[in-house]
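What follows is a set of notes on a single structure, which appears directly below.
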Amino acid sequence: MNAAIKKAVLRPARNGRYVWLSANPLLLIGISLLFVFMLLALSGWLLAANDPLAVNMAERLKSPSLEYPLGTDHMGRCIFSRLISGARTTLGITAMVLMTVMVIGIPMGLLCGYAGGRIDALFMRLVDGLLALPEFILAIAVAGFLGPSLMNLMLSVVLVKWIGYARVVRGVVMAEREKEYILAARVGGARTFKLLFRHLLPQAVSPVMVLAAFDVGKVILTISSLSYLGLGAQPPAPEWGAMLNDGRPYFQTAPELMLYPGAAIMLVVLAFNLIGDGLRNVLDLKERWRGNPG
Amino acid sequence: MIKNPVLQISGLSVALRAHSGSWIRHLVQGINLTLYPGEMHGLVGESGSGKSITASAVLGLLPGSLGITEGEILLNGKAIHRLPEKAKRRLRGREMACIFQNDQGSFAPFRKIGKQLTEALQAHEKMSSREAREISCEWLERVKLPAQRVFDSYPFQLSGGQLQRTSLAASLMMKPSLIIADEPTTALDVLTAEQILDLLSGLQKKTECAVLLISHDLTSVLKRTDRMSVMYGGHLMESGPTASVRRNPLHPYTKMLLKARPPLDGFMPDRLAAIPGEPGAVADQGCPFAPRCPYRKEACVHMPASGVRADDHSSACLFADPEGGDSIAAVARSDQDREVVWR
Amino acid sequence: MVIILGKRLFQLIFVLFLLSAATFTMMKLAPGDPVRSLLRTDEFLTTQADEAKLRKELGFDLPIVVQYGEWMAGVMQLDLGKSYLTGKPVLDVMASRLPITAQLTGGALLVMLLITVPLGTAAALMPGRWPDHLGRALALIGASVPGFWLGLLLIYGFSYKLQLFPSMGKGGFFHMVLPCFTLGFSLAAVYARLLRNGLLESLSQHYIRAARARGVSERVILTRYAFRAALLPVVTMFGMSIGYLLGGAVVVETLFSWPGLGNMVMDAIFGRDYPVIQGYVLFTGAVVVMINLIVDLSYRAIDPRIRFGKGESA
Amino acid sequence: MPPLLEVIKIGKSYGDSVKVLREVSFQIGAGECLGLVGESGSGKSTITRLILGLDKPDSGEIFVSGQAVHRLKGKALRHSRKHVQVVFQDPAASLNPRLRIWKSVVEPLENFPDVEPKFLTNVSGGQRELAAALLDRVGLGSELLDRYPDQLSGGQKQRVAIARGLSLEPKLLVCDEPTSSLDVSVQAQILNLLKELKEELGISYLFISHDIAAVRFMSDRIAVLKDGQLIDQFAAGDLFSPERHPYTRKWTETPA
């Protein structure tokens, strides 16, 4: 009975597949917010008239002016330009981390999901092991032993995060592997390559996209938190977390030193979370609509 | 002795409601159906015909996005669909019960069957859990199940057939006057399905309760029900005593449905009389079956299908005997010799 | 039941072994020579001989495998070596700090429950109305705001401006409010959403309709059916949030200068105090695995299908 | 000339305890339709998987046009598949949801470029034209070519699956409950289509179903499966003769 009602209520949008964008405000806000940041980050060298690293003690703690749109920090550096180059660093690192994570995780997930058996059992043991070390703690260990640096931080995040993608892809492959369209493809003479990349992997695209959208936010938070603790980006790098840490001693006299980087982090992460939420609603709707019988 | 009807549905319409509260589209329109004690009424239709929505409307379990726009539902003479939720809840299980399609799960997987049965009993009458347990086990015996073991096991430990029998026991033990069986055998294979339906009609005779059997399996409806109604696109196409509908179907859709089934015995045609088009193809106005009806005439597309009455054998088709030619106001030449008025 | 426990315990040992091997190798990879950094802290001129003597004393001249063997033997009897900086056994250092971190995380969990349960339930029971929107907004903010920034804002707002709560140090109830809220808030925001989705999902299950059709009251349906089914995703997530909680504790303890494990490991990192770092990593690893074990066991309690293995017909 | 499909005493069990098939033997001649009737759990789907080479039997042999397929592996197994194709029960799960219809239909031909089915020889142009011809063969218009499966009805999807099954002009098409999840009116359309294609293309069918009436409509011979054993095999005309196995009579008496 539920299927009948669902079918009546969820009639597909008349004008085909591209109405979902307008029907989903979350996705819209997220994308537009992100677009603004992308613009800022890329035009950093254009707008940042001032050098983010140029120390000028005479200009210390200036209030916002034409020359310094957001004023200057305790070392007289232009906050606005530091924020922009900070955006480039943060988004750049996150992109690199996520790229590496997907390059490792997705094929591993495909392999374990499709091959199963010993490889899969080995993978699951590895997962149990690495899951015992939460990202944050591993970052602390790596920073502690190998010295705090952005590279070490990225390494420790990648080391744990790839598992998330491998598990999602593995889950999808295992669920789809016995479905009739896969059996029909095998009977139709499809080779393993076609089964993996034409039939199985595309099913994992939407869950991976949703996971990635939310992961961007998580990675940015992890990197900035650790930089704040002094375990990530080292001064004078204009990384938002580190900037927030520099601003801390002055938070009574010049609270904006602490305000701007924090707000920047939150807005970027919020943008990605909005996109993630929007994507999940859209893809979920398609999933639910595709799922129920005709 | 004239028994007063258990269930009377007149002019029932259900529509899809937009968030703003306005009605978007009608899913079910103008349903008339009467059910007497001890009678089994078959409600037949393909997917998307609205038969399950009608059942949910009677039970008062329509999802939020659907609502009853017009019509009356009388259970033992009392109008029920405008009752407050609390009053409706007291009726459910007590006066009317429901058996669902099996694989959709009639019992919560993480709680023992026993607990779910006694809970339902105690929701209606003050009784000790020991007493509730006894009644439950007694009914589990009646549906030929190892009562003690089933009472203490979890749903996933029972087979499809056993679960459906438990569901039957759960509905009957409160001695409701009406049971709605919504596709009870669809998920079961043929032989188990027959046993369940035998059990249902047997227990129905004993308890004199009325049964509304909703199914897309024409064969079992023809074999077991006293009266039947055929639905298409949210409308009633035909309704009447099952024997009469089987021997002399009035509506083209019913005729073609009966012929579309591969016959088990007797002459085997080389090709089945398939109905062209898809079950979803429903006309927005005029007769809903018009797009797929080979006897379609000019009037069918404009004129709304005539109402199907709940008492005798009548059909919604404007041309009562389409094969007989194009007479519009035709007198139905079925053996009851009633007149079909064209509006 | 016992087999499952056995299997899990084996997994625990295997993971701890993996962990210890990893931390040990990382320690060996660490740049710079711990001996020299140790001697320097004693502020006297070091000679080659002194270094050799200390190296021998600490057993660094033995082949790697033997060092690892000795070290593991020590770990077995909970002897995690001595802190380079303070010379005190790592175990005692951690033992003194543990209750403080436990208090913080406990408080954070309390904050989480106080927000999650009411908000999540209200959002699920009144979809599309203000509790739902509030829940959605909070979830988005909770998942986006950096913990340390939230802490700073709270300090700036409540303790600096309004003088309501102390901004630093460990103490009575008032000392705990801001740190616990900082650590607990984003968790609460995420879990409120999870509980809402879990409840909505379970309320849409067919067996709920079936129970309603049997006349079971809404209250019973909510408590005995819907809540129980909604627990499963929440408990799963909890297994994964432990890492977040411990990580967050490091940040919050540094921010509010609480002398917990988090603070300890930060000092150890900057002081190159490897045994303490190692002790911390091993400890957190063990805690995470233990919590996952408990989560796994509670799985079985919530959903018997897992206990009996799926779909085993009677 | 050896029969098209010869199954000799095949046995199969999953795990050590559950014996799913015991000593099952049957044959299908060229252009013949064998109906296989059985309750769910009787081993029908296992037989399908063994014949399609998706599983290996524990014991017994399977020959397709005299070639032993039950031992084949890798390349040889893949090539043997040209002769045996399949149509499954659930139309919604038979097509890759993220592939346009024409790509799904023409995939087998794409996998075996050397195959040129007789009924497609006069089709000029690329894969899309081949797909259009195949869809037309099963009564579907070319406007469906670029659609996704979720935009089609159950009946349309099953026709696409049949078109795909025919594309290699196989000698045997295994139909595993092809109409069970369809509405009555659509079932009739699909049964008519299958019968039409059999007569025109001379393809043999293994028609599996729990609907005895549909099996009787389609089949020349019928076999009855109970708990993994073939307990009755007979010509379709003898369905009601007295010497039928008691279990078979249970099928014919119930849905009157």
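Note that the chains take the letters A, B, C and D in the order they are written out, and that residue 1 is the start of every chain.
Just so we're on the same page, a contact is a pair of C-beta atoms (placed from the backbone, for glycine too) under 8 Å apart; a residue touches a chain by one contact, two chains touch by 3 or more.
Since we're looking at a predicted model, the values are computed, not measured.
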| item | value |
| --- | --- |
| Central chain (distance from its CA mean to the mean of all protein CA atoms) | A |
| Selected pair, greater C-beta contact count between A-C and B-D | A-C |
| Taking each chain's C-alpha mean as its centre, the one farthest from chain D | C |
| Chain A and chain B, separation of their C-alpha mean positions in angstrom | 51 |
| Chain B-chain D separation of Cα centroids, rounded to whole Å | 34 |
| For chain A paired with chain C, centre-to-centre distance based on mean C-alpha positions, whole Å | 22 |
| Separation of mean Cα positions, chain D and chain C [Å, integer] | 55 |
| Where chain B touches two or more other chains, by residue | 47, 100, 104 |
| Interface hub residues of chain A, defined as touching at least two other chains | 2, 293-294 |
| Touching two or more other chains - residues of chain D | 153-154 |
| Touch list for chain C against partner chain B, complex | 128, 205-218, 220, 224-225, 228-229, 302-305, 308, 310-314 |
| Residues of chain A that touch chain C when the two form their complex | 2, 125, 128-129, 131-137, 140-148, 214, 217, 221, 224-225, 228-231, 241, 244, 248, 251-252, 255, 258, 261-262, 265-267, 269-270, 273-274, 277 |
| Contacting residues of chain B [partner chain D, same complex] | 46-47, 189-192, 194, 216, 218-220, 223, 256-257, 260-265, 268, 270-276, 278-280, 292 |
| Residue numbers on chain D that touch chain A, as the complex places them | 49, 52-54, 78-79, 81-82, 84-86, 88-99, 104, 107-108, 111-112, 149-154, 157, 161, 164, 168, 181 |
| Chain D residues within the chain B interface of the complex | 39-41, 153-156, 183-189, 191-192, 195-196, 210-214, 216-217, 240, 250-252, 254-256 |
